[in-house]
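Got some structures for you, see below.
Each of the next two complexes has chain A plus one more chain, namely chain B in the first and chain C in the second.
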Partner chain A sequence: MSSKIYIAGIGAITAIGNNVAQCLHALENEKAGMHKATYLKTVHATEIPVAEVKAGNEELGLLAGMNSKISRTALLSMIAAKEALDDAAIGNIQSLRAGFISANTVGGIDKTENYFRNIFKEQHAGDLHDIVNHECGRITELVADKLNLHAYTTTISTACSSSANSIMLAARLIKAGMLDLAVAGGVDALTKFTLNGFNTLLILDNDWCKPFDEHRNGLNLGEGAGYVVLVSEKLANHSAREIYCELKGYANANDAYHQTASSPDGKGSYLAMQQALQKAGLQPADIDYINLHGTGTHNNDLAEGTAIQRLFNAPYPKMSSTKSFTGHTLGASGGVEAVFAALAIRHKLIYPNLRLQTPIPEFPFAAEKKLLKNQVVDHVLSNSFGFGGNCSSLIFSKL
Partner chain B sequence: MALEAIVLHSFFQNYKMKVFIRSASCISPQETFNNNLFTHEAKVYNTDFLDVVEPDYKNLIDAKLLRRMSKIVRMGVATASGCLQQAGITNVDAIITGTAYGCMVDSESFLKNIVLQEEQMLSPTAFIQSTHNTVAAQIALMLKCHNYNNTYVHRGFSFEHALTDAMLLLQENAAQHILTGSADELTELTFSVLKRMGIYKQQPVNNTMLYTTATRGSIAGQGAAFFLLSGEAGANDLAAINALQTFYTPAGITAIEQNIQNFLSAQNIPAAAVDLVITGRNGDADNDKLYDALNASIFKNIPVKAYKHLSGEYPTAASFAVWLAATILQRQKLPLCFKDAPIDEKPVKKILIYNNYQHKYHSIFLLSATA
Partner chain C sequence: MQRQAYIISHCSISNNTVYKNGEQLFADAAENIQQFLLKVYRHLEIDYPKFYKMDNLSKLGFLASEYLLKHVPVVHKQEEISIVLTNAHASLDTDVKYFHTTETGASPALFVYTLPNIVIGEICIRNKFKGENAFFVFEKFNAAFTAQYVTDLFSSSNTKLCLCGWVDILDETYTAVLFLVSAHATDNTLLFNEENMMRIFKSVQA
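After this line comes the complex of A and B, so read on.
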């Protein structure tokens, strides 16, 4: 049993870097990852910017040590999960109960799209190789098998809060004494399915997104993977590496308002943040930085901001949406932003909310426009909210 | 300091709590929603693909919402409502679902239109309803339930992992009443793919003769089952779940026997104390060798029945078995289709479920009577 949960390793691959060091460099140098779609073959490439990982599947296959023909989702997951595990440098994990708690929303649908093209357009029978990795759980399994993480392996899919929920479950399993260690987070690759889906909802910005700006006009879809290695107190005490931070609070609540839209008062977001604070034994005033869900849609930012306004008082914590760098990586976002939270604490950074010009006038606070260094970053609140009203918040704290 | 200092336990060893099933509801290829399976003969089909017997949803779901719901959502929401009605409870502290495939009808519809319409002029409806958490989200929306809400999508363990989360929440005292269950729908297209992979039989079969076919593959199925769980005993519980354990790709029959033995030992229950075993035998000649071996060894001298001729084979079929076991324990009566099991005169106190999906996902459940 462990009453405290620590972050012992981190791994990420996003549009701003193929590993944690590259991502941090881009965050510190205010370099966003949006671009015209290069690797995703879509008719919308010229009109809708996306935040792609800057590598084709061949290169990702080499980085992952996996067959490049399997789903891009699995390759991204493997690269970031392995980086996190290597970073934690636990040693012989086979002597421990080590789990892999992952999350995604698209599974191997990037390949299923080929299968559908074949059966509906070109030939009568699609290639079964294109569909064997369709299921979300299959992506997790491919990586767990490769990393030999078998004490408990599962997959959560709650839309854009998926990987915040996988980190929360991992913490609960360690606290219950069921695991010693878990690699937890999530992944999503860009696919025609999600690009067209969000496009039909009219919530994609045709320019680079402007979260928490009065003139925000939607989100940019991104892709990537982010994982943290969670360990029990006992393992943390024996770690050869410096521990990043403690996962002090977490909560999962539901907005119960609409399948895709947030309630005007952000009830689900409010409850998630409030209950995470309660779990952490912290007051709103203790939070130094909020890594916003901040997608850049009119609806999300208004609901999230309203919930923050209700829960916090002036002086408000510093806040920003790193989706202004990475785009919205959907099922990966909670994992990627957990990695960024750990880096913010270690390097005393507050990330900028890129392209912010006019803060939302309804709110008495504004996101940060510029990178801030040498800040007191003791407690970071990370928000992840998704379709289906799924709202989760995590709190990371300096040791 | 060396890591060896950490004492090793198996994953479930620290889980000690029994949970109580207040109510249960199931939609399947049999008449389960109204419990007719216990009073009438089982439905007989000659097919390779079992569809579900759907109730009249109008009494359960608001007509406006119902129109927009695909089959998986209707089944999930109706069985969740059924649980609440039976238990006389209007809200819960958590909603946790499992689904291997998610909303296949809407996912396929959206993907097909992407291909056929070259990514142009698409309607958002199918996309909106396609996310894997739609069932849990629609239940929350119906109940205005702002509490914990989660969805597991881990193939043949999706239901088991939803149940594990529920049991963990009860152990943490983080919830009093939890709705948990699974839902999976099967489309013609998914069926054709799984058939090509050899998971389903190449020819239609009589479901009541499923276990005598000696050919490759099983009969396809689908369905939903939900349970209202509590950590505290109630006056009218159906049954209790004493323990649950999952095994991913066990090495072989000897390892499986050892797993079952260890599971029973951890519960301090000799195999002879089990009144009925319900297995995941599925009519695939290769798959069923495992069950033949278990019947000759660890399950020898215990009545053993199979359920997949009733539910069909699918990744979350174990939820049907849990519904069946809980209902047998509550009614102290076997469904008519099990009448040849030699336990007529004896009270049924303990039921062991042993399920396996595609040789990879093995699970064991122990349920007991509460009355």
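After this line comes the complex of A and C, so read on.
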């Protein structure tokens, strides 16, 4: 049993960097990762910007130490999960009960969608290897095998809150005494499936997204992976490396309002934030920084802001959406943003909300326009809200 | 140890007719399913504007559930009420309609219904149910599986009440047979098992 859960290692790969150091450098230098789709083959390449990881599958295969022909989702997952595990430098992991709780929403669709394109033309065309990793769970298993994380392995797929939920489940497993350590977070690769689906919903911005701006016009899809290594109190005490922070609170709630939209009053997001604070034993005034879900859609930002307005009082915590850098990485976003929260605490940073010009007038607060250094960042609230009304909030606290 | 559960009521909608507990409640020679479902909605005398936005699969499941739940006083907690539905055609009825819209301009309103379990979400939202839920696809009604799965829910989860059954639609062909199942027997309840479900299901098809 462990009453406290600590972050001992972090790993990330996103449009702004192939590892944590590169991502941090981009965050500090206000470099966004959106551009015209080059690795994803799509008819929308010229009209819809995306935030791709800047590497083809050949290069990712080398970084991952895996066959580059398997799904891009698995390659991204492996790269970030391995970075997190190496960063934690736990040593003899085989003597511990180490689990892998990984989220994703697309599985191996990046391969399947091309396979089907071919067999529609000719029945026996295509390589069956391209569909064997279609399931979300296969991606997790491929990486768990490679990293030898076998005490407990599972996949969570709850849309955009997926990897926040995987971090929450991992924490609960450690607290219940079932695991000593868990690599938790998530991954998603860009696919035609997601790009076309979001395009159908009319929530993609044809320019670079402007979260929490009055004139926001939708989100940019991104891709990547983000993982944290969660450890029990006992393991943290024996860690050779400096612990990043404590995962102090977490909660999941549901809007029960609409298939894809948030309720206008942000009921689910309010409940998630409120219950995470309760779990952490903190008051709203204790939060120094909110890493917003902040997708840049009209609906999300209004619902999330309304919930924040209800829960918090002036002076409001500083806040920003790092999706203005990485795009919305869907099933990876909670993991990526957990890594960013750990970095904010360690480096005393508040990240800027890029391209913010006109804060939403309905709210008595605004996201940060510029990078802030040497800040008091003791408690970070990280929001991840998904389709189906699935809302999760995590709270990371300085030791 | 498997707990015995009980069918406290059942409702079917097919062939332009609504039955509840074997009794015909409504029939109408509507020309098409769209019209028929609207007439059933009016017959229920409820005010739920979200009905108009639903796809036909959700409308069908929603209407059948309303007949079973409308006058039932909710004595259970939200978390104790589960829904387990099955069918043969998943959301194909809407998938096809959606696919046709992609030629001119893909419809977001249809797109959000291109999953079969959305009908469960609609019923949960309407009734504020927060228990277990699952949707399974079979070639034909699988009473054995449904009985086994739902009985297990009563035995291994906090489920006290469960709405389960079959909601299937493709074009103009549709069948809904829903069962309201309780952990507790009351007057006129039937044992919840494969035989009783199958008998009721077949009586609808006859």
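Observations
The working rule: the second predicted complex is superposed on the first by the 394 of 399 C-alpha atoms of A that agree within 3 Å, B and C clash if a C-alpha of one lies under 4 Å from a C-alpha of the other, contacts with A are read in each partner's own complex, and residues count from 1 in each chain.
The definition used in the following text is that contacts are C-beta pairs under 8 Å (C-beta built on N, C-alpha and C of every residue); 3 or more make two chains touch, one makes a residue touch a chain.
This one's a predicted model, so the numbers in the text were calculated from it and none came from an experiment.
Model built by superposing both complexes on chain A: chain B and chain C clash. When the two structures are aligned on the shared chain, A:Ser333 is found in touch with neither chain B nor chain C.
Of the two partner chains placed by superposition, only chain B is touched by A:Leu235; chain C is not.
Contact with both chain B and chain C is seen for A:Thr200 once the two complexes are overlaid on the shared chain. Of the two partner chains placed by the overlay, chain B and chain C both lie in contact with A:Gln259. When both complexes are overlaid on chain A, the residue A:Asn300 reaches neither chain B nor chain C.
By the document's definition of touching, neither partner reaches A:Ser397: not chain B, not chain C. Between chain B and chain C, it is B that contacts the larger number of residues in chain A. Once the complexes are superposed on chain A, the part of chain B occupying the same space as chain C corresponds, among 9-17, 81-89 or 153-161, to 81-89. Shared contact residues on chain A (touching chain B in one structure, chain C in the other): 196-197, 199-201, 254, 256-260, 388. By the touch criterion given at the top, residues 1, 3-6, 8-12, 14-15, 95, 100-102, 107, 110-112, 114-116, 118-120, 122-124, 127-134, 136-138, 140-141, 143-155, 157-158, 161, 165, 168, 171-172, 189, 193, 196-197, 248 of chain B touch chain A in their complex. Across the complex, chain A meets chain B through its residues 1, 42-44, 90-92, 95-97, 99, 105, 107, 109, 112-113, 115-117, 119-121, 125, 128, 131-132, 135-138, 140-141, 150-159, 165, 169, 172-173, 176-180, 192-193, 196-197, 199-201, 234-235, 238, 252-260, 267-268, 271, 386-390.
Chain C meets chain A in the complex at residues 102, 106-108, 111-113, 115, 118, 121, 124-125, 128, 130.
Residues 196-197, 199-202, 254, 256-260, 388 of chain A are the ones touching chain C in the complex.
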